[in-house]
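Below: one structure in structure tokens.
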Amino acid sequence: MRHDGRLANQLRPIKVQRYFTTAAPGSVLISAGKTTLLCTASIDTAVPPWKAHLPPDQLTGWLTAEYCMLPGSTAPRKRREREKVDGRSTEIQRLIGRSLRAALDFKALGPRTITIDCDVLEADGGTRTLAITGGFIALADALATIAGDVDLSRVVKHSIAAVSVGVSNEVPVLDLDYVEDSAAEVDMNVVMTGGGLFIEVQGTAEGTPFSQDFLDSQLALAKEGIAQLTRIQRDSLGENWPMDKNSSN
Amino acid sequence: MRHDGRLANQLRPIKVQRYFTTAAPGSVLISAGKTTLLCTASIDTAVPPWKAHLPPDQLTGWLTAEYCMLPGSTAPRKRREREKVDGRSTEIQRLIGRSLRAALDFKALGPRTITIDCDVLEADGGTRTLAITGGFIALADALATIAGDVDLSRVVKHSIAAVSVGVSNEVPVLDLDYVEDSAAEVDMNVVMTGGGLFIEVQGTAEGTPFSQDFLDSQLALAKEGIAQLTRIQRDSLGENWPMDKNSSN
Amino acid sequence: MRHDGRLANQLRPIKVQRYFTTAAPGSVLISAGKTTLLCTASIDTAVPPWKAHLPPDQLTGWLTAEYCMLPGSTAPRKRREREKVDGRSTEIQRLIGRSLRAALDFKALGPRTITIDCDVLEADGGTRTLAITGGFIALADALATIAGDVDLSRVVKHSIAAVSVGVSNEVPVLDLDYVEDSAAEVDMNVVMTGGGLFIEVQGTAEGTPFSQDFLDSQLALAKEGIAQLTRIQRDSLGENWPMDKNSSN
Amino acid sequence: MRHDGRLANQLRPIKVQRYFTTAAPGSVLISAGKTTLLCTASIDTAVPPWKAHLPPDQLTGWLTAEYCMLPGSTAPRKRREREKVDGRSTEIQRLIGRSLRAALDFKALGPRTITIDCDVLEADGGTRTLAITGGFIALADALATIAGDVDLSRVVKHSIAAVSVGVSNEVPVLDLDYVEDSAAEVDMNVVMTGGGLFIEVQGTAEGTPFSQDFLDSQLALAKEGIAQLTRIQRDSLGENWPMDKNSSN
Amino acid sequence: MRHDGRLANQLRPIKVQRYFTTAAPGSVLISAGKTTLLCTASIDTAVPPWKAHLPPDQLTGWLTAEYCMLPGSTAPRKRREREKVDGRSTEIQRLIGRSLRAALDFKALGPRTITIDCDVLEADGGTRTLAITGGFIALADALATIAGDVDLSRVVKHSIAAVSVGVSNEVPVLDLDYVEDSAAEVDMNVVMTGGGLFIEVQGTAEGTPFSQDFLDSQLALAKEGIAQLTRIQRDSLGENWPMDKNSSN
Amino acid sequence: MRHDGRLANQLRPIKVQRYFTTAAPGSVLISAGKTTLLCTASIDTAVPPWKAHLPPDQLTGWLTAEYCMLPGSTAPRKRREREKVDGRSTEIQRLIGRSLRAALDFKALGPRTITIDCDVLEADGGTRTLAITGGFIALADALATIAGDVDLSRVVKHSIAAVSVGVSNEVPVLDLDYVEDSAAEVDMNVVMTGGGLFIEVQGTAEGTPFSQDFLDSQLALAKEGIAQLTRIQRDSLGENWPMDKNSSN
């Protein structure tokens, strides 16, 4: 039994509120238990500077992500990242960017830069994976606004979701909250497509090295979680669910 | 008639959601029309470093504020302030800090540092004044959590609210949104106590210098707005409204 | 009686030395008592980068200001702002820039960027208002050097001066020095045109909120000071006084 | 057949030169083909600042790592990281630090801070894994210098090595060089103990999501590489090989 | 004949105005032709942080210097050094600090930190040497204010002055202005004691390498200049000339 | 007798290893005793930004240098220069750049930017002079790679070497190591051409001012050292020694 009564393979309650703000075309308030993020997706018709000198036929699009914890998202208050980005945020936003880029065909997207901003309003464990799961929803809503200009069935190759797994009281459990995460011996974040393939596997032994068997059992648990999250994404997005436009997925 | 149908002396609809997150003792989601902020108030028992060397009897408290616009709060997306704070944010957060410090008796507060974080989730004009109005609510909720340790009737000297006024189509109007603000000839931000006294008056001629008569009419309009905002603060806070504990206000 | 023997409505002695240096077209050493600034005005024929992409007919000019206290201007020595600008300087230089921009018609100025540098050589209160008053003189001298290329009677819309007012020993007084400023309950900075209209009013209750009557009496005092400062500017500038070229002021 | 003639499970030639410099107690020049790093290990008897306030019995040691590519290590020259650390370096040095910390029992180490500096002299793929493999050798040499003060058989829990695996021409291959890495669909870095357990698994789909079977075959290949690297570490270190002092490994 | 009519061994007219400001104990406005600097000297009773942990008998004093060109000191305007110090300023202020430290016996000075701030109000060549010459005068005035606490005859070991020499139209000349400096093949800055010994010699071939004979003739010219500057320093300082208190110089 | 048994005019053993890495066209590992540097030379066909707007016939080349001490190069470990460059490094790399620029005719080089990176692997005194001596070798190797595109006999005007001299136990000695340097009263760095002319002379009295005679004896010693270093450069470079291509040297 987990400290909050969940089963080992049970996610925290997920709430999704689309169009939470209106300035960005994708704006999703997503929470898993007390972990809450605002994920916005913006589309800019400028290609990133480091692609600007390419010949027109290579002027494909790009997606970049930024991750930031608001100071009031933790107790005690977290110092605001204003003069330099801390290493953890850098590592996390690179993971979010890589993961969501795997969803897209940038040639089909054309010369556009998408930015996914993931701001943590409250942090109770699992912020980086929730950022990916919620970021995909914001991305889908933003892409829907340019459906007249691009072929979404080609732009979106996969749906993407992410979840953490770990060991609590010697039992592998899904979607750790802060209490569980702090005590876990192994911290594993798994990013997968809705179709059940891996995009990124990051497993770190916090204290005790782990075996292949252990890794396999963790990944099996992650797959269960990803399947649930994919259903939640699909239900939330409704007609904006991009996979329905893409028969190859 | 204003472009959104409001009367000259009419505020935008104000919505207040207290305890929006739970890590910080004060956490208020406040919106005026489409302008939306998350204001959190944190209390730290350490005095700020620049007071740390004072003798114990001068170890009074302090309040500081930070203001930041999230990148997705505007269209086009605003570059994240991560490597340096922009001048506008600096100016605004200094105003918020000065204004909310006017509410407090720091000797009665004792050696504590309160931080008010005002993060703009969506910006449609009037973010700095809404930050003050919402920040006061978050401050009151945070102070309520230390009511057993300090005498709140002495700590809180005034309630504080703020509003903007300006001229649209040659008529002075209250609480300008972005469209009105962009076209306004004069930009005035007024911070007042619930008791009707001024804490800060900032009037800037954007194009045409203004006269004393004009200033007077603007301030009269601001007073009307502050009275309404004070009622909203009182109604939102309910039993946490600190003025009821303070017979001198 | 004030601590230095001045009357309530008396400015400190103002000294103005034009062409103090020769590299910049405007270079004014200005002092009010012991507060001393060097204000230089430079003119660059490049428009600022954020205007560079506008169509030619919108390529109007711009004015920007920088404010800095030299380390030796205070006792104890002030740490040099070299790796980051402090918040107070940012706030002050934004005020100086806004105030002096109100003097100019940027369409008539054409595609030029004027920079006003206000470096405080000695600080004894009132540096920000003296920066505006002295900065206008430097601006006028710099503009005189391009009189052959622009129509100065159209470029300069107003003369600009600024002064502080406050309360000392419960009496409203003009042009506070550091001793008075440190003890003042209200700090008000007023920027006006030579014609007696307001450009910026900034009043801050340092401790005690203030009433409309109080505000009015302060502004009346400020108007007296501005009138004196405008005469000093006019007398100093002599034939470079731009208002004589502009019958509409 | 790989472009350089290696078999799929063949490492590049590894050269290790210990005591390459003498200022740091551990100093290892390590190369894998043309990838060359200087790994130095320094020991400081000060605990890190964020541990300094702990009670004496919690004043355990710490290990931190820094990773940097010298400008001349690539063609074209890489801009020197001097004003800000780039995101990739941050991510890599966090991986190196986590991996080598897994080797140590910080309670047995006592209040010491070890810093592993990994400077890339030439980069031809696989710099982060070679930094870990070489960093462990430098760490062992540095620890040998304090063998009189600590019980090395308790301080060192595991030997640590790392290797990359990926797919080239649809065949899983070990230890990719830059040419192979640039074309690889999946990039996987694996950190293991000499005893064959995982410390960190990081697999990223650069283009094509991957399956569980694929993951398994990659990890099998990695294990072969780690076994070879562990032998090389042991042979290089000779009597400084810390595992011989630790019967539990 | 030089372009401004000076003889080869003739300095530009030197003007010295002591006590130009009053916040710092030493404050000297010094000009050589159109090159003008404000040199202030401040004394802090705190030893620098990197000496703070020394045993009391090693808690000697220190002197540090900062050099900065104001933006309006050149045409076109020089970008303000506010976010990073440029390399040239760093190099110059290190030279000023080394040179003036040679004047002092820090053991006799005791635990005090002196800061010399050299701000260039107008730059027409020779700013670094004038900073040293003027900085020494400010230093002497500042030291005079602590004459009751230290033995100045022991604190000040030497008077220090500096001058530039170079070649103009193939003739060695003293004290180059900007026009001469820009065309000079060799740039040499010489710092000497009033007693005629060298503190620092910096000779740089800008284009053509130079011989020993050439070096000798340049140094002879520099000695003439230093002798004149020393007399000017002595005459300016009057009874604050520290050498009169020190029979060993 | 010197502490390491050298004669007063004897260099430390110099070792040169060319092509130490292969990414940069010039890559030299050079050591003098225990002082070891990696000097790489890269050639970029872009002119530096501040020359980019010049007319084509003024689009000459440029050379810039960077100097950095690796953290493990000293004991105790030196903090990595990552967020700001320290003043000493700035000063040194400006010296290296000036010195090596004196070797080249930038008009003959054409629009190319050469960067010399000097990274100190181990520091035992004399790093800046060894950087110049080794940097010249790397420069020569890099230039050899473009011999088909430029006329090297015109590009390279001089060979350049550098050495330090100082006083140890009251005797002038050549090429001080760290122990000697720390105790030296005068620190002098001399940069010369292979033809025996001066490029840069920097002499600093660390404690005792020095006389002309002293300067002369130091420079004589430096000339001996430069002659030896020039022979070493020539022998190392073999057919890449650029002076053999240039009959005018």
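Residue numbering begins at 1 within each chain, and the chains themselves are lettered A, B, C, D, E and F in the order written.
The rule we apply is simple: a residue touches a chain if its C-beta (ideal position, glycine included) is under 8 Å from a C-beta of that chain, and two chains touch if they have at least 3 such contacts.
Remember, it's a predicted structure, so these values are computed and weren't measured experimentally.
The chains that touch both chain D and chain E are F.
Taking shared numbers over all numbers used, the chain E to chain F interface scores over half, which places it in the same class.
Legend: contact pairs of A-D compared by residue number with E-F, A-B or C-E; the interface matching in over half of them is E-F.
Chain D is reached from chain B by a rotation of 120°, derived from superposing Cα atoms (nearest 5). Here the spacing of chain D and chain F, counted between their Cα centres, is 34 Å.
Mean C-alpha positions place chain A and chain F at a centre distance of 51 Å.
Between the CA-based centres of chain B and chain C the separation comes to 28 Å, rounded to the whole angstrom. Under the contact definition stated at the top, the residues of chain F that touch 2 or more other chains are 83-84.
Under the stated contact rule, the graph of chain-to-chain touches is a ring, a single cycle where every chain has exactly two partners.
In this entry the chains close into one ring whose order, counted from chain A toward chain D, is A, D, F, E, C, B. Residues 20-24, 27, 34, 36, 38, 40-42, 44, 66, 68, 70-77, 80-85, 115, 117, 119, 121-123 of chain E are the ones that touch chain C when the two sit in their complex.
For chain E in complex with chain F, the residues that touch the partner chain are 84, 87-88, 90-91, 93-94, 98, 102, 158, 192-193, 195, 197-205, 207, 209-212, 215-216, 219.
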